[in-house]
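What follows is one structure encoded as structure tokens, with my remarks underneath.
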Amino acid sequence: MFYFLAAMVIVFSILTVTSRKVLRAATYLLFVLIATAAIYFLLEYTFLAAVQLTVYAGGIVVLIIFSILLTSRLSEKAPVASVRQQILSALAAGAGAVLTLLTILKYGFPQESVASEPTSAVQIGNALTSYNRDGFALAFEVISVLLLAAMIGAIVVARREKLKEEESNKEL
Amino acid sequence: MVFNDFLTMRHELILVCMILLVLIIDLCVSKANKTVMIPVAISLFLIHTIIGFLPAQSGVLFGGAYHSEPLTVLMKNILNIGVVIVLLQSAAWLQKEENREKISEFFMIMWATLTGMYFMISSGDFLMLYLGLELATIPMATLAAYVHHQTKSAEAGVKFILSSALSSGILLFGLSMIYGTCGSMYFDTIQTAYGNAPLQVLAFLFFFSGMAFKISLVPFHLWTADVYEGAPVNVTSYFSVISKGASAFILIIVLYTVFHSIAYLWKDVLYIISIITMVVGNLFALRQQNLKRFLAFSSIAQAGFLLLGLLGANEVGMTATIYFVLVYIFSNLGAFGVVSAIHAKTGKENISDYNGLYKTNPLLSLLMMLSMFSLAGIPPVAGFFGKFFLFTSAASAGYYWLVFIAVLNATISLYYYLMVVKAMFINKNDNPIPYFKSDAYTRVGLICAALGIFVIGFWSQIYEIITSLAFGVIK
Amino acid sequence: MVNYAYTLLIPLIPLAVFLFLGLTGHKYKPIVSGIIGTLGLGIGAILSYATAISYFFVNHVDGTKLESIKAFEIPWLHITENLTISLGSLIDPISVMMLVVITTVSLMVHIYSIGYMKGEKGYHRFFAFLSLFTFSMLGLVMATNIFQMYIFWELVGLSSYLLIGFYYTKPSAVAASKKAFIVTRFADLGFLIGILMLSFFTQTFDFQTLTNPNGPAIANNYGTGFMGLSLITWALLFIFMGGAGKSAMFPLHIWLPDAMEGPTPVSALIHAATMVVAGVYLVARLFPVYALTGGDALHVVAWVGGFSSLFAAVIACTQTDIKRVLAYSTMSQIGYMMLALGVSGYGGHDGLGFMAANFHLFTHAMFKALLFLGAGAVIHAVHSNEMGDMGGLRKYLPITHITFLIACLTIAGVPPFSGFWSKDEILVAAWHHDKVLFIIEFLVAGLTAFYMFRLYYNIFWNKDTHYHHTPHESPLVMTIPLMILAFGAVVSGFLPFHKMVTSDGMAIESHIDFAVAIPSVLIGLIGIAVATVMYRKPGSLPDKIAGTFKNFYKWAYHKFYMDEVYLFVTKKIIFRYISAPLAWFDRHVVDASMNGIANTVDATSKSVRGFQSGRIQQYGYVFVVGAILLVLLFIYIF
Amino acid sequence: MTQGIPLNFFLIISTLMFFIGIFGFLTRRNLITMLMSIELILNAVNINFVVFNKYLYPQQLHGLFFSLIIIAVAAAEAAVAIAIIINIYRNFKSIDVDNVDEMKY
Amino acid sequence: MNILTLFVVIPVLTVIAILFSKDMKQTRLISAIGMGIQLILAGILVYSYLGMRKAGITDEFLFYFDALWFKTLNIHYTIGVDGISVAMIALTSIVVFAGVFASWTVETLHKEFFISLIVLASGVFGFFISLDLFTMFLFYEIAVIPMYLLIGIWGSGPKEYSAMKLTLMLMAGSALLFVAILGIYFYSAPAGGQLTFNLLEIAKNKIPIEMQRFLFPFAFIGFGILGALFPFHTWSPDGHASAPTAVSMLHAGVLMKLGGYGAFRVALYLLPEAAHEQAWIFLILTGISVVYGAFGAIAQKDLKYINAYSSVSHCGLVLFALLMLNQAAMNGAIIQMISHGLMTALFFALIGMIYGRTHTRIVSEMGGLMKIMPFLGVCWVIAGMASLGLPGLSGFVAEMTIFIGSFQHTDTFHRFMTILATTSIVVTAVYILRVVGALLLGPVKNDHFLELEDAKWYERLSTVTLILSIAAIGIAPLWLSDMIGFSLAPMVDKINSVTASIAGIF
């Protein structure tokens, strides 16, 4: 099962990156996101998988598709980068991948204690709101400020003089 | 949350309340007199700065996620002063008709980024650091693209957002590896657990490149020039003064506290990066004609000098760097104050437009000269003391050759700073910028900057305060 | 012991006069400055006579050693512990003798130039410079240490520069003064190096310590050899080079003929009596050191003296400008004195050369000054230097004619006049020392007689040129000095020099050595005869003789092209091949290297410009590559 | 469900995905596809965090929360990025990367 | 208020006063008064200094004043003065006073001109009185920047180029210096002791030898660049040629002495072993710069270039004598600094005045000025004779002390170099007389020179002050050489006591 998901992730991400048609690239991205959500299911992080599905797959990809529709005619192919640049960046990315993989594999991670019960939503809930050591209340507050600021910024930038159909603002 | 907990976190809390307050005021202010927002916002922020200076006891909140020492409070106060001056200088620009209705948004976004920086400075764990970083950068992109109908500003915005996205991606990868190797996001646990396994080195380097992007050190600096040139003048000054200053502060704290154990490593990294940054910063600055781009590259070169301070032993190094950042902030504010004043009146940005400025408005050109000298490190002004202490701290660690290269670079930098001075004083110009009286805000802003440049140098107490505070930080 | 402190006044009075005339002279009428100058000199002369009399006769017991008394000394500058430069006055046989010579000749020239310079512009400036010159010459003579002598040596150089360049509107005068100063300055360099070496080895400047035989200089350190000669000899040679420059000896003589550009009284004072003699005085002053530290230095002095006297005598025969002839005759007479010093030993009888040199110096000062002043009177009357447009002047200028004749006879060495006595002593000394030198000097004596009388006849006899306005006898104020000097030239022969000025202060008995005296008188008379035959009446004889050894005559006439050689050396080598390339080198290489650095920085910034290409992906690419490189560097290399 | 699958496999997948994202960022000529590759990068990092939390430190939920926050931030970032891209579209009439290089040198 | 701090305070007050002055006349007057007070103050200082010495006060530095500035790095504002710095302060005050009068007719932006001139002067005064390396470096840098403005705005000819070149090369020099000062600072205290910038404390303990070997080139070349060391002297001809009169007076007269003084105080006094070891390298360089400068001057056509090259040669002589490391030569070096300072100031003043009248500096275009301007002609001859080294003027005293002093050196290489240096007096004579001959004597070349008038009162005042001081040193040098010698002795003993063994290579 894992291997299938892993293969799916890798193949579709390569496709998103190399496909000529922009819309097709968006769909491949959708598949990648779903595959990652599946991996989370595999790791029993159901809550996270749900969030991933809704926010990422639902929200962001839709947003991207909207922007594609808004900005470029579907039919014409996206121009391909110059060959020289492709080779160079392929080389750089490849070298980086090899390098990091080497270092990661060389690093002996401590023993894997696998047998543990799946985390329940209750745990996540009170961890999210607790103020002490491992709690993330502060992070939670700051995220809200971030989203507010991002929203205001987006409106400022995207606003047209004549109030055309407003860009759909963010979910959540 | 007992009351004095509130007190320790007062900077962030007050600022968030002010953002919301401005949001509400903006609603009830009619479209016509939006400009009334400017005095309101500035006075609000003044109150905030004053409160910031009140003494407050340091403490650790949210179980380590947020810590505030006198040093972090000092840093925040320095940033506050910087922002006050930036706000004063941007008043003239904001009153222009094309961003008449966007005034309150400008304040809100700026203060949001400021809160982001506060959180980054006083973060106790990498999560808060990352969040602060994102809160500081994402709205900044919208600021860069503020004058959206202008192609340059739009381009600056997109360049900034995409490059920062990539850099935060790499930063996150580094953070994940740190988390993987140390098991926890909190600084105090990491500090003890951080060995020098190759993966940890890789993680640190990825993290460092993310941070280097913010301070625009050389390999990661390419976005700086275009974004600075594209963005409106006051946003650029906010960029180069506040955002760079804050990220420098953060780098100091993180390097000295979290990665204290692998100090030998990042000192070598800084050794190489500082040399490259100084050299490249100077080389590029030599040929610039546009003042904003010129100041961009000069700030890159200054960042190179900044790294030198970090090489010193921890207390000495920290103090020297913080002092240098303070001096850097004020000198840049002076320069940007003049540039924004002239830009607001005449829209001219090139050095050649500044020819013969001395004849028409002497005071402005004098301030510009002072800030240029302060950036170059010439004695009467604070820049000299800043550079001197920086190089003393580097020399204390025995990096004589580096100090020599740095001082040579300072001489090369003197060349292009003097080019500006030459333009203003020596070059003849048939239609120089006519004499103009800038409004109250800008004048106050310029005077504060000028005062800062002089006072910081001679008044030795400032350096003493920083030293005393610095000793408390490193556990 | 008589206190000679008042001798300090002798140089100070001319100094005061110089300052007074220099600063405020132009306010008064010209005649006033003339009188002040002469008065000052008069007092100086009286004082020096008094010192001479009291020193040589009044309180000097016959037979005892003439002590050298340090009359006055103040430290001027402390250099190292034992090397201090001090200023003072030293009373010593030769210095007193020189005092007398300088003051008398300078007085005569002052009186003479009141008349000669009447109507000249810058009259007061002339007298100011004259008293400056006298001050520096007196200072030089009375120096207690070698450094004080060097100080006044330079001042003498300066005043001769100012005086030669008096008519500063004439480019030739300017060039001549510049040449004089630079050549003497070059010689002073040698003098300075000599002083440095001397002071390094003997650790003292003071003459008294230097010259006393068993003092540090002479006693211990002429052993350390360096290229054959001992170091002390090298020092002495360098010092002699300084002296040779000032006294216009052979290699450094080129400035003397050009120095005639200055007014004639100046040449009379400087180029006859005082400055040129300074070299001789220097060697005389250091004579014990020269003599007792292995005679090679003296040997060089002798030969240089001999050669220059012969060389000058030959050229003098061919010159047409009367002042140039006198200049060369001075050079040859100085050569005589140098030779005399060269051949002399130290102490007792073989110190005869030293005594003879000083005696000749004394007499030469008298009659050469007379010759110059006479020539001045002639030029004043005829307004031209060339022999060609003179002739038959004996009718118009009787006094000048008689005094000129006396002077010619003295210089030719005719017995009753003083010239004979001093030249004879030199020939005797030369005879005892080195036969070859004797023969040279013998020849020179003849040549001297010949060219002097050639000059005499050309001016006063020869063809009676008619003058568009008849030359009138010069006024009394000019003729009186001529007469006094003529009297001096005659009488000074009989002064008992051998008792007064000797190498070691002890008197030596002197007698006429007939074996040498008679041939020298004979050669003199022959010289005169040949000159009368050729020049008594205008005729073609001289041109015919000149025709026989044609090119030699042309060479001699052009001063053996020495000037051209020097000009070539200075103009071509120093200017074109050293300083011009040096300046070019400085402008293009050293300067260019500095600009080069700036240009390379500029060029690199231009070339690296492309880096900032504006494309986001390029930025991203550099970002990623930078991160990877960092990782690579720090994991796998460090 | 998950025993038997070693930690390293996950890491390999996430690093590969990470570097594919970077490759995509560097080569794609369209601004929005660059945005997509950024999403890829962020997902890769998410996997990293989750996997580390699951395998190495199951007691506390740092990794989980971190990925949650990354998702939120990614959302905000995407929103702002698209707003700016639309602004670019309005100014440049095309969102091709190459004509966005008006400012250089 | 310590008399020494007055030296820095008075210029600042004058600058403030100038700010408020209305027209040119007032600015001139104020700056003249200011610098006049400065001159009187210098006189009082010299007088009281000699008085104290006579009264037998033997501690090295008088008027000692110490105020803490930066506690952490132990930087103090310590000032004190000994014989040498008193002489230098006197020189600076005279030259500045004359400089103010020489620039009496500056029209454009006159206020800014006098302000930057006085700031330059205050920088130099500060340098001479300070004993703390930090304050010394601070004042050194203050003195450099007004130069750029002065030459850039009021200069002539390729003024921007030469102003930029001058400033950059001097700043590069200060870069070298900076490293040296830091190096000395970090080795200034015995293990664990309190690090200090104070000159006296540093001199007390020995800086390790290999550190000295590393720092000495930095320190000496750093100061050498200002003192016109051979390869780094190229800024001096251009800088002086295009600088206005007062600036080149001040610069050649005083700033180049900063180099010599600093080299002695910092490089030789604090790093004695390295000084002994590396002396011979720099000896060759300075020897070249002496002869090179002199020959260079012969080939120049422009008056200012001639004087610039002659200052290169004279300042080279100063460094040359300093490297001899014996009492007499160093004494001569300092006298030479003073005498050359006065001479070059006089020369540049005269060149400025002549240029003001004939509007050309090319020697060949001018001639026969002696008749037209007798006063200036005579002053020119005096200045020429002084720089020639004529007895009775200061040039002679300095050069002779140097030559005799350096000839006393035991090792033959040094003596050979001295002889090489002495040849410079002949070459100097050549180019001085060439200029005097071409400029003053000879017939008047172009006739409209005829109606030029002679020096006005302020020009006479400035030249006379300089000539009087040159003559004073020339005629009675004893008071000066004793004053300097007295405070030089302890320093020289410290330098020589250290390494009797390494006396030189040969």
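To keep things simple, chains are lettered A, B, C, D and E as they appear, and every chain counts its residues starting from 1.
We adopt the following convention: contacts are C-beta pairs under 8 Å (C-beta built on N, C-alpha and C of every residue); 3 or more make two chains touch, one makes a residue touch a chain.
These numbers come from a predicted model, not from an experiment.
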item: Fewest touching-chain hops separating chain B from chain E; value: 1
item: Chain nearest the overall C-alpha centroid of the shown protein atoms; value: E
item: Chain whose mean Cα position lies farthest from chain C; value: A
item: Chain located farthest away, centre of chain E as origin (C-alpha); value: A
item: Interface with the most contact pairs, given as the two chains involved; value: A-D
item: CA centroid of chain A to CA centroid of chain E, Å; value: 71
item: Centroid distance [mean C-alpha coordinates] between chain C and chain A, Å; value: 103
item: Euclidean distance of C-alpha centroids - chain D vs chain E, Å; value: 66
item: Centre-of-Cα separation between chain C and chain B, whole angstrom; value: 79
item: Chain C, residues touching no fewer than two other chains; value: 598, 609, 612, 614, 616-617, 620-621, 624-625, 627, 631, 635
item: Shared-contact residues (touching 2 or more other chains) in chain D; value: 18, 21-22, 25-27, 34-35, 56, 60, 62, 65, 69, 73, 76-77, 80, 83-85, 87, 90, 100, 102-105
item: Multi-chain contact sites of chain A, meaning residues that touch two or more partners; value: 81, 85, 89, 92-93, 96, 99-100, 103-104, 109, 134, 136, 139, 143, 146, 150, 153-155, 157-158
item: Pairs of chains in contact (touch as defined earlier), listed by label; value: A-B, A-C, A-D, B-C, B-D, B-E, C-D, C-E
item: Chain B partner contacts - residues on chain D that touch it in the complex; value: 18, 21-22, 25, 31, 34-35, 38, 41-42, 44-45, 48-49, 52, 56-57, 60, 62-63, 65-66, 69-70, 73, 76-77, 80-81, 83-85, 87-88, 90-92, 100, 102-105
item: Residue ranges of chain C in contact with chain D within the complex; value: 609-610, 612-617, 620-621, 624
item: Chain C partner contacts - residues on chain A that touch it in the complex; value: 81, 85, 88-89, 92-93, 95-96, 99-100, 103
item: List of chain C residues in touch with chain B within their complex; value: 598, 601-602, 604-606, 608-609, 611-612, 614, 616, 618-620, 622-627, 629-631, 633-635, 638
item: Of all residues in chain B, those that touch chain A in their complex; value: 1, 16, 19, 61-66, 102, 105, 108-109, 112-113, 115-116, 119, 127-128, 131-132, 134-135, 138-139, 141-143, 145-146, 148, 157, 177, 180-181, 186, 197-200, 202
